[in-house]
Every structure is written in C-alpha cells, then in structure tokens.
Amino acid sequence: MLISKVIGTTVSTIKEPTLEGRKLLILRQTDVDGVPVGKPYVAVDTLDAGIGDLVLTAHGSSGRQTDITKNRPVDAVIMAVIDHLSVLGEVTYQKD
Amino acid sequence: MLISKVIGTTVSTIKEPTLEGRKLLILRQTDVDGVPVGKPYVAVDTLDAGIGDLVLTAHGSSGRQTDITKNRPVDAVIMAVIDHLSVLGEVTYQKD
Amino acid sequence: MLISKVIGTTVSTIKEPTLEGRKLLILRQTDVDGVPVGKPYVAVDTLDAGIGDLVLTAHGSSGRQTDITKNRPVDAVIMAVIDHLSVLGEVTYQKD
Amino acid sequence: MLISKVIGTTVSTIKEPTLEGRKLLILRQTDVDGVPVGKPYVAVDTLDAGIGDLVLTAHGSSGRQTDITKNRPVDAVIMAVIDHLSVLGEVTYQKD
Amino acid sequence: MLISKVIGTTVSTIKEPTLEGRKLLILRQTDVDGVPVGKPYVAVDTLDAGIGDLVLTAHGSSGRQTDITKNRPVDAVIMAVIDHLSVLGEVTYQKD
C-alpha cells in the first residue's frame, strides 16, 4: 500500500456505467512526514476521506477487493485513513 | 487510475483476433493541470473519447473489467472522460 | 499497452516446460516516433513479428489472455504489430 | 519480491472492515547491504516482524495468497524475515 | 519478462509456511550484454539456476503459474536460463 495525501476531486459525466455514484479522489504519494513526493493519481474512496487526509491506497486487483469496487474497472482504492505514522519510535505524522 | 491526455491513434492489421474492432488510443499521463508528463502508452477506448480529451485509465487486470475488454489481452482501458479536476478547492482543469 | 520495438531474440535450453516452443523476443519501449527509450524486456510473440517491427505489448495477467500464453508463467505478450501511429493528426510512424 | 527494512508503524481508526486487527508496517526497499534506497510503503505483517528487521515482501495479487490477506484490499505482505543475504559468495547482511 | 543476473542467495528461518523448501535467489535486471543495471530483487528458482547465470523472470500473478509457486505469496519466478541473447543479428550474450 502507498501512503498518500488526498489533494482533490475529479468529475466525469461520461464514464463506465459500473462507476456511477463512485467518489473518485485525486491523491499524491507522500513520504512518512506526509509531504507529497509523487505524481497525482486517482482512487475510489469508500471511507469518506476528506481533502488533506493522509490515507493508505491498495493498487491493482487488490483495489477491487471491496464491496464497492468488485468487478469494476478501478485499480486503486482508499482502504484506510491514517491517524498517525511512527518511524523508529518517533511520530512523524499526526492527524489534526 | 491515471489522469492522461488522449494524443493519438494506432492502426494495426496484424493483431490478436479478440482485439478486432477495438479502438486503441495513444495517451500520456498528465499532472492536475492536464499537461503531459509521462511516456506514451496505449489504452482501449470504450467511451468514444476524442483527441485532446483528459481521461482516467485503469490498468492491469482492472482494465479487463468491462464488457469490451473482458478476457482480452489488454492492460489499460479508458474508464472516464474528465469534465473537471479540482485541487485544494481550485479548478485546475476544465473541459472545453 | 506499451509501444515497443522488437530488437532481438533469446534462446534457452533450460526453461519452464510449459514454455516449450514459445518464441521469446527482446523489446524496448519507444516514443511515438518509434525511437527506443526504455530498458530491454522480453515478451512472447504470437503474431510472427520481425526484428525492427513496432508492436503493442500487454503486461501482467493481461499477457496471459491468449491461447498461447494461458496458464503459463509469462507476463508480457505481443498483441499487435503497428502499421502506423498518428499523434495530433500527424503520422509519427509508418511501417515500411 | 523486494528486500525491505521495517522502519515504522501506521495506525488507522477508519479502515476497510476486513482489515480489522491486521498489523500494517512501514517499510523501505533496501540494497543487498540492508541500506534503504526507496520510498516508504506499507505492508501487512503476518510474521511478527520487528522494527529494523530486513524482510521480503510480495506485491500485487501475490500479497493476497496468505490466510490473513485473502480477499482483502491489501497489495503487499511480509512473507519472510531475512536471516542473511549473500552476494557472489560474500555475506552482505546478517541479522543480529 | 525481465533479463536478470543471479547474484546471490537469501536465507530465512521465519517465513510463510507455504514457502518451506523454496529456493529464493537475489537478482538484478541487466541490459542485453548481461551487465546489471537495476536494484536487487528476489525470485523463486524452479530451474536450479546458478550464481552468475542470466535468466528470465516472470512477475506478478504470472510468477504463480508454475507447480512450485501456485497459490503461494511469491511475485517473481525464474522461468528460463538464458543460453544466448542476440540483438539486431549480433550475439550480445553467450553463456559460458
């Protein structure tokens, strides 16, 4: 799973029918301090994550192992909202 | 999913029989402003996307979760045409 | 799918029994002009592609969606030989 | 599989229900001496690995081939704790 | 598949039970001359490859399409030992 920050939203009128009603968020991978380091990508949100949240995303076929994404053409899903990260005994990120 | 721009088309006479009649478009990954940043790749189009459109593509086995791509040797599919992208509350891309 | 150029061949005596008789070609990913830009990789050829041809390759489990690669430990397959590529209305590659 | 070092932990209250009780560790890929070289990622721990351990992680659908990860939206799992690594006949890493 | 060189071995006492007795080798991706260019990774060996051998490895779920790796948390397998590589008609690598 990747540690990523939710940075935005995407809206589409024309889409695969099976995606109707799915919330698609824009994310960027971060380091352990929550600072974005990667290119933007899009994941399905099943947990009502908010802009600015740090989350874990599962990719590939693993992104289809939820009731909301099963059998749909999605390859990334938010599977946890992070409360805090700790590296070598020190807290590096803490949700507000 | 990746945010990508449709930049071109590809034509093949010799191909896997199961791909007959499938539209294959050339895309490049973009940033949240729609500016291409990545190498070209090819995806199956099931939504009649046009050159210049910004789209979302699903990859790997997720690219086979549509009626048009099921059981076919394709690893990328366009699953939405983007109307607009919004980052931290600001619109960064708007379809014409 | 990736746009790639066929650059060579690989010969192996010791291999997975299910690969017996499969043609394994060396390829490199290219840009839209057909100029190689990536590291070499190997794909199964089911279309009798030749050295110098530009082709499309499907990767991961998608590479096993052909009669010749089903249930075999291969993760890349040539699924089309490219006739021409066109970007923003201009032909960028044309097969001889 | 990747050779990675366990560097931290992640705690989440809001998560996919099927992940309840799963231990999620932060890792970084290393070279053969155990020196971290890659970006942080998160894997499910099924082996009670500790901070500082060098481990092997399996990715993608392969990360779901354990009793603890089957049918869950996880794409990385620790599948071995490394005792030692040997390169060209020389020990390059030895667990304390 | 990737062209890679076998450079070492890894030993683990604590591991997924289904991996008991599997030989895990350290490899690095190479160019067509057999010169290592990538980071180390680990694959299951089913062909009794030796240190210094150039091999082809299959990745992801394709790595589980052998009797020895089926249903096991492994994402890379050696599926051929390379005798020689030929690029544009010239032999670039020849096994001793």
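In order of appearance the chains are A, B, C, D and E, and numbering begins at 1 in each one.
Assume contacts are C-beta pairs under 8 Å (C-beta built on N, C-alpha and C of every residue); 3 or more make two chains touch, one makes a residue touch a chain.
These numbers were taken from a predicted model, which means no experiment stands behind them.
J.: Can you check how far apart chain D and chain E are, centre to centre, with Cα atoms defining each centre and the answer in Å?
T.: 20
J.: Return the distance between the CA-based centres of chain B and chain E, expressed in whole Å.
T.: 33
J.: Quick check on chain D: which residues sit in contact with 2+ other chains?
T.: 60-61, 63-64
J.: How would one label the connectivity among the chains shown: line, ring, star, complete, or other?
T.: Its topology is that of a ring.
J.: Start at chain A, step over to chain D, and keep going round the ring; give me the chains in the order you meet them.
T.: A, D, E, C, B
J.: For the complex, which residues does chain C have touching chain E?
T.: Residues of chain C touching chain E: 7-16, 18-19, 24, 26, 39-43, 51, 60-61, 63-64, 71-76.
J.: Could you please specify the touching residues of chain C with respect to chain B in the complex?
T.: 1-3, 29, 31-32, 37-38, 46-49, 56, 58-66, 69, 77, 79-89, 92
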